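Data first, discussion second: the structure below is written as structure tokens.
Chain lettering (A, B, C, D, E and F) follows the sequence in which the chains are written, and residue indices restart at 1 in each chain.
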Amino acid sequence: MSNESAAPRKPFRRLLLTGAAGNLGKQLRGALAQWADTVRITDVAPLDAVAAHEEASVVDLADRAAVDALLEGVDAVVHLGGISVDAPFDDLIEANIRGTYNLYAAAQRHGVKRVVFASSNHAIGFHPVTEVLDADSPQRPDSLYGVTKCFGEALSRYYYDRFGIETVCLRIGSSFEEPKNPRMLVTFLSYRDFIELVRCSLFTNRVGHAIVYGVSDNPARWWDNTKVGFLGFRPQDSSAQFADRFPVSAPTAAYDDPAQRFQGGAFVVGEPMERSR
Amino acid sequence: MSNESAAPRKPFRRLLLTGAAGNLGKQLRGALAQWADTVRITDVAPLDAVAAHEEASVVDLADRAAVDALLEGVDAVVHLGGISVDAPFDDLIEANIRGTYNLYAAAQRHGVKRVVFASSNHAIGFHPVTEVLDADSPQRPDSLYGVTKCFGEALSRYYYDRFGIETVCLRIGSSFEEPKNPRMLVTFLSYRDFIELVRCSLFTNRVGHAIVYGVSDNPARWWDNTKVGFLGFRPQDSSAQFADRFPVSAPTAAYDDPAQRFQGGAFVVGEPMERSR
Amino acid sequence: MSNESAAPRKPFRRLLLTGAAGNLGKQLRGALAQWADTVRITDVAPLDAVAAHEEASVVDLADRAAVDALLEGVDAVVHLGGISVDAPFDDLIEANIRGTYNLYAAAQRHGVKRVVFASSNHAIGFHPVTEVLDADSPQRPDSLYGVTKCFGEALSRYYYDRFGIETVCLRIGSSFEEPKNPRMLVTFLSYRDFIELVRCSLFTNRVGHAIVYGVSDNPARWWDNTKVGFLGFRPQDSSAQFADRFPVSAPTAAYDDPAQRFQGGAFVVGEPMERSR
Amino acid sequence: MSNESAAPRKPFRRLLLTGAAGNLGKQLRGALAQWADTVRITDVAPLDAVAAHEEASVVDLADRAAVDALLEGVDAVVHLGGISVDAPFDDLIEANIRGTYNLYAAAQRHGVKRVVFASSNHAIGFHPVTEVLDADSPQRPDSLYGVTKCFGEALSRYYYDRFGIETVCLRIGSSFEEPKNPRMLVTFLSYRDFIELVRCSLFTNRVGHAIVYGVSDNPARWWDNTKVGFLGFRPQDSSAQFADRFPVSAPTAAYDDPAQRFQGGAFVVGEPMERSR
Amino acid sequence: MSNESAAPRKPFRRLLLTGAAGNLGKQLRGALAQWADTVRITDVAPLDAVAAHEEASVVDLADRAAVDALLEGVDAVVHLGGISVDAPFDDLIEANIRGTYNLYAAAQRHGVKRVVFASSNHAIGFHPVTEVLDADSPQRPDSLYGVTKCFGEALSRYYYDRFGIETVCLRIGSSFEEPKNPRMLVTFLSYRDFIELVRCSLFTNRVGHAIVYGVSDNPARWWDNTKVGFLGFRPQDSSAQFADRFPVSAPTAAYDDPAQRFQGGAFVVGEPMERSR
Amino acid sequence: MSNESAAPRKPFRRLLLTGAAGNLGKQLRGALAQWADTVRITDVAPLDAVAAHEEASVVDLADRAAVDALLEGVDAVVHLGGISVDAPFDDLIEANIRGTYNLYAAAQRHGVKRVVFASSNHAIGFHPVTEVLDADSPQRPDSLYGVTKCFGEALSRYYYDRFGIETVCLRIGSSFEEPKNPRMLVTFLSYRDFIELVRCSLFTNRVGHAIVYGVSDNPARWWDNTKVGFLGFRPQDSSAQFADRFPVSAPTAAYDDPAQRFQGGAFVVGEPMERSR
């Protein structure tokens, strides 16, 4: 990779993107190209169509030495890696707990000062759907997966207070091409808004340790980002255009159905999984 | 009344509208037709122009048996009935206290699980005009009428906690064709926004026991609905278009005039009335 | 009744005590004798052992004219009257709603400026036992009885904001000779502390409209009176001395038993009652 | 000055504008002409181009008698006068402390009941840039200048509580033709929005003692005016149009640089100045 | 082990104590004997002086099957096990993350409904010493050890919301025979008060998911347990009796010394450790 | 001054006490002797009975150079100086505004890092007597004197944020030999408790910028020091022993009497004074 002499420098010299082979990782690769001369991309899964400005490597986040190497020469990190659904706890430990620790430990060693961390709405999924949360609402994980996201939020807080590594924790709602069910009319985050949220998280001069909900400007709201207005995130999209996909119906669900009562939806009725060996 | 074979089912089978002969009741009848196969309408006053999909009856809400019959076969209720101005307490007891109790008692017996209850800004009218309220602001009734609305909010809370009957309490501002005085530039709720608010209150899958202010997107705001963002209510109208009806003037009202100091306006200087017999 | 020439005047000329034949009313009669030259006592039930300084009358609080006469020449009121258990709503309307209105309407007419109102913990009984409440906690009535106490709190607020009649609402826990069950180890209010609470409520120079929990200094606490510290109420007793009445046991109650989960205890599983005719 | 017979009266008879020769004072003169028959303008610096409806005088705010004369016959005041940058404390005392006292003392004597007071974001400049403030956030002055603005806020609160003189304290961000540095992308207040904010502050019927942030609808937000929604201030402009003036860059500033960490920017690293004599 | 026929049953049939060989574990063994017929004690270190009512076993908490066996037939758990100082993260993962998960997973399988979990003040050690915290204060771990305690709090919250397993998280201060340094005059928890806190945590009928600070009634306070008053914890001891151990001195520590600025003391300047292999 | 060889060093080398000739200053002189080798005492009034360990000088706080000299070689300051009653604003400017500025400016120049500042309850005297305040309650000065105390709180906050000079602001109630009127039964601060409060303020290792109410453990409370529990201030005295000085009476004061409605008492009805020349 080289920066041609005529090309103006981009704001970042090198950004690291973990989880680059995932759904959201793919969305970001194009945007990151605009913001950094070099984008280091990594995943446990193979990465395709590596561009000239990209440095690709397949890395297991639980591999401390490999993660340490990833952080070499990096300005900032977008950490989407790890397991993003519920899973056996032994797997979650490796990918989301040891992996996130390895990332921050390496960031500290290499003097990296900014991380954008993909937390999740499942860190707060056991709040009822009749409550509006903000950055100060207490964690209410709805699954072991959610618990590991709470761990990531606590760990990054420590690295901020102790070493000044700033993190924006994105409690991402449902970021897909379009909402897939009525719940997602509330939790939908368009790809465009997701990219804008990462942009704000990378470029705002100071972010401290921020908790922001990743959600578009949908008609119904469970999450209020007023307290992180300093990020300048203003979503442009709304789930309203997809509302007619889901036939309007009277609220008929059984009163005690937890999947209807809590923000985490179906996650709240999941069971801890065992690893099949 | 029948559902013709070719007609698709509407979301609700049967909705009950009390206070159907009143100002706001009339506004709702058209909208309810879109949402329910059958709309049962009732009032103490006669109802005119009853449509094919409507079931009309004249009922005194203080008549327990009659109210019980009204709730038979109903999916949800929009409860606008009762007295909506200040009145002798003996009258308010019958219409707003006994009447509202009768409605909830009947709802419980018939398994109805959703009520949209017309509370009023007069439940909080003794807050000063220099304060912005939200769903957690304490009650400050400005009249005996307002006290009965506080009663209705407490009663419906009980029926939610005890029996799971969900209620949206609408603290309605001033819902008329247009604002009639300068205070209404702040409290105006257009008919269109009122109907949308009822729609959100009926169709949101879970509402718990919610307190929402019924107000359009007027320039000046006394009330903030952020905490009930889960209802998805986004007003479309504003009193701004009516601002030039009221000549701009310097703030000349006497400093201690209660009707200018408190949100309830002229209500706060009313006197308890005696029933003329 | 006469004030002998040599006798020094007591702080109050005449106090009115409603509900004087009830359990707590009987406790207060002795104390009131110290504070007022004349104590007017009233109840629907007969009053016995009327002392020289007492004026006794049997009055139904729903009788407006009779209540009006009671307030004549009174300095302040301790309003314990009405129904203090769950009951058919028709009865509660007469005793607790119409009766309390009659009392305040008469107080206004006669210029009485201070009321001590026996509200109840059942106005907030649907809060969970794992939450500590204070004066700003929202109402959560656990019964129709509790709803009428919420009404009394709202009504007295109105009379304060509108007419400057100050009220201390006592959310009384369990005031008996001694705790009768394990729940009462938390909610116990000794008679001595009850009397002291009424004393503070009558003599504090300004009370505005205050919400105070009537509870002794028991080891476990659901209620915190910090916000009404201006009343100077410092309980002297504790349920600790009665703790050994109830054998210590592991927490075995079924997890979902509402009577164990909520502060109101058995009230929260009561059913609205019908008046037997 | 005269009101010609055919001319309709404007809302105010006479407004006083202090600091009329300053940057913001000049912006306001045109607007005030629309709102008042007569505009009395004053400054320590000479005033040019005095219009027919204007009464101009050069006054040192520390001159009690002169200030007293200024308030004669005035309906309301827009107080922009005083020193608006950091300065030796001896100078700040005269202009901002004695001067503001003189203004309020004179307002009281002359029965003036409304003041719009130019406070400053430097009254809260020691809050970090990762915090969103509102009207209840505690003062954190970032300079002696900021301390004198805190004084003005406390003094005006006293005159409100004691004498009913209402004040809107405008915590003005950066009101210039356009943002001059990246910080001003957050703090920018367009002239148009500044004028609108003064208009809302003068014409809202009751304002009590209000704290409002003077800021346009910029993408990133440090300040939230929800609690003063009763003023009806809705900014029309945004710094977004100027964003490309400042090249986007990675957050490279040293982690501990106070001028980057706190809302006051460079003010927070200023030193108290001595008056050169 | 047997319950002799004449012996009255104790409140619990069988309690499990993990970390029984540690400092606090030893303190508890005597108390637990009073509360349970059988006390199952476990540690990774050998246990000495096993009494007749005790069932002892050496278990590594990272061993899922062994932990599962420990929970068999247990009524409630006091979980002091795991690493209680800072340590290499690989070790903390096994003892405090996998170990705590194993404990809760086993508790769920065996229907255990109450856990007393030894969290730590190091979960909030990065709060400044000039702030008073309560149960709602956000986590601010001061070390990787503290991060694993945050994990335990989040995990136990999940098991409460999902499966109804109640946990009291004890954020223990400094529980030793006596304070060892000036900081411990604030954080001291006497053994007697520690035992009482465990007693309250085990016997309170409902605890939900509670956060309580484990601290005696010391003169200076960083932590306020008002919000968990329902536990009935009233400390009997105070560090005041040890105050003269530490010579009074002027506050001379360097202003920026983190170990003096933050509640965690020396922990806040620790460095993540590597496991020496 | 010399420290004899045999004498153990006291915690402070030299403390400065301003306002040493005043009522509270006199109380402190004895205590300070225990805490510092040398106590520099100063006042505008003559100081009598200067002890061997004391350095006395008569200084006008408005004299910058003289104040600068006072701070030379000082470890910490107890700043009681200035005017402590309402007074003409011109006088208050010199003593309380310029004087307090001079003190902090000199403290900064001389590297002094701790000030105990005598603020006053009159900084918050316009809060009603039916409200309980804490360290975060907004300022509500009840007099120009109170406004200058607000200034001192803001100024000291600036010196803390900017230069790390820590201040404890003592909002002193009524510190006299004994209460002089019924209001002082609430606001009484015994001399012993006052001295203890100063001791806590000087010796607590870190205090940041703290707001503490100076009040004994009186039965009725307007002020709650929970948020500054880190100071370790536990009052030992109570006004209860003086209660019988004031005959108990019914609350007869006129409802709208401001001196009864607000915490500041008679101050709230004072008028700004003119300096008689």
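Following the convention adopted for this analysis, a residue touches a chain if its C-beta (ideal position, glycine included) is under 8 Å from a C-beta of that chain, and two chains touch if they have at least 3 such contacts.
Per UniProt, the chains are A, B, C, D, E, F = NAD(P)-dependent oxidoreductase.
Just so it is clear, the model here is predicted, and its values are computed rather than measured.
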| query | Listed by label, which chains are in contact with subunit C and with subunit F? | reply | E
| said: I need the common contact partners of subunit D and subunit E, sorted by label. | reply: A, F
| query | Taking shared residue numbers divided by all residue numbers at the interface, is the value for subunit A and subunit D over half (same) or under half (different)? | reply | different
| Centre-of-Cα separation between subunit F and subunit B, whole angstrom | 54
| Centre distance in Å when subunit E and subunit F are each reduced to the mean of their C-alpha atoms | 42
| said: Roughly how far is subunit D from subunit F, centre to centre by C-alpha average, rounded to an integer in Å? | reply: 32
| Numbers and ranges of subunit F residues touching at least 2 other chains | 226
| query | Which pairs of chains touch one another in this structure? | reply | A-B, A-D, A-E, B-C, B-D, C-E, C-F, D-F, E-F
| Can you name the residues of subunit D that touch subunit A in the complex? | 128-132, 182, 186, 219-222, 224, 226, 248-251, 253, 255, 260-261
| query | Tell me, which parts of subunit B touch subunit A in their complex? | reply | 11-13, 75-76, 113-114, 164, 166, 202-208, 210, 226-232, 234
| Which bits of subunit A are touching subunit E when the two form their complex? | 89, 93, 97-98, 101, 105, 108, 126, 136, 138-144, 146-147, 150-151, 154-155, 157-158, 161-162, 268, 272
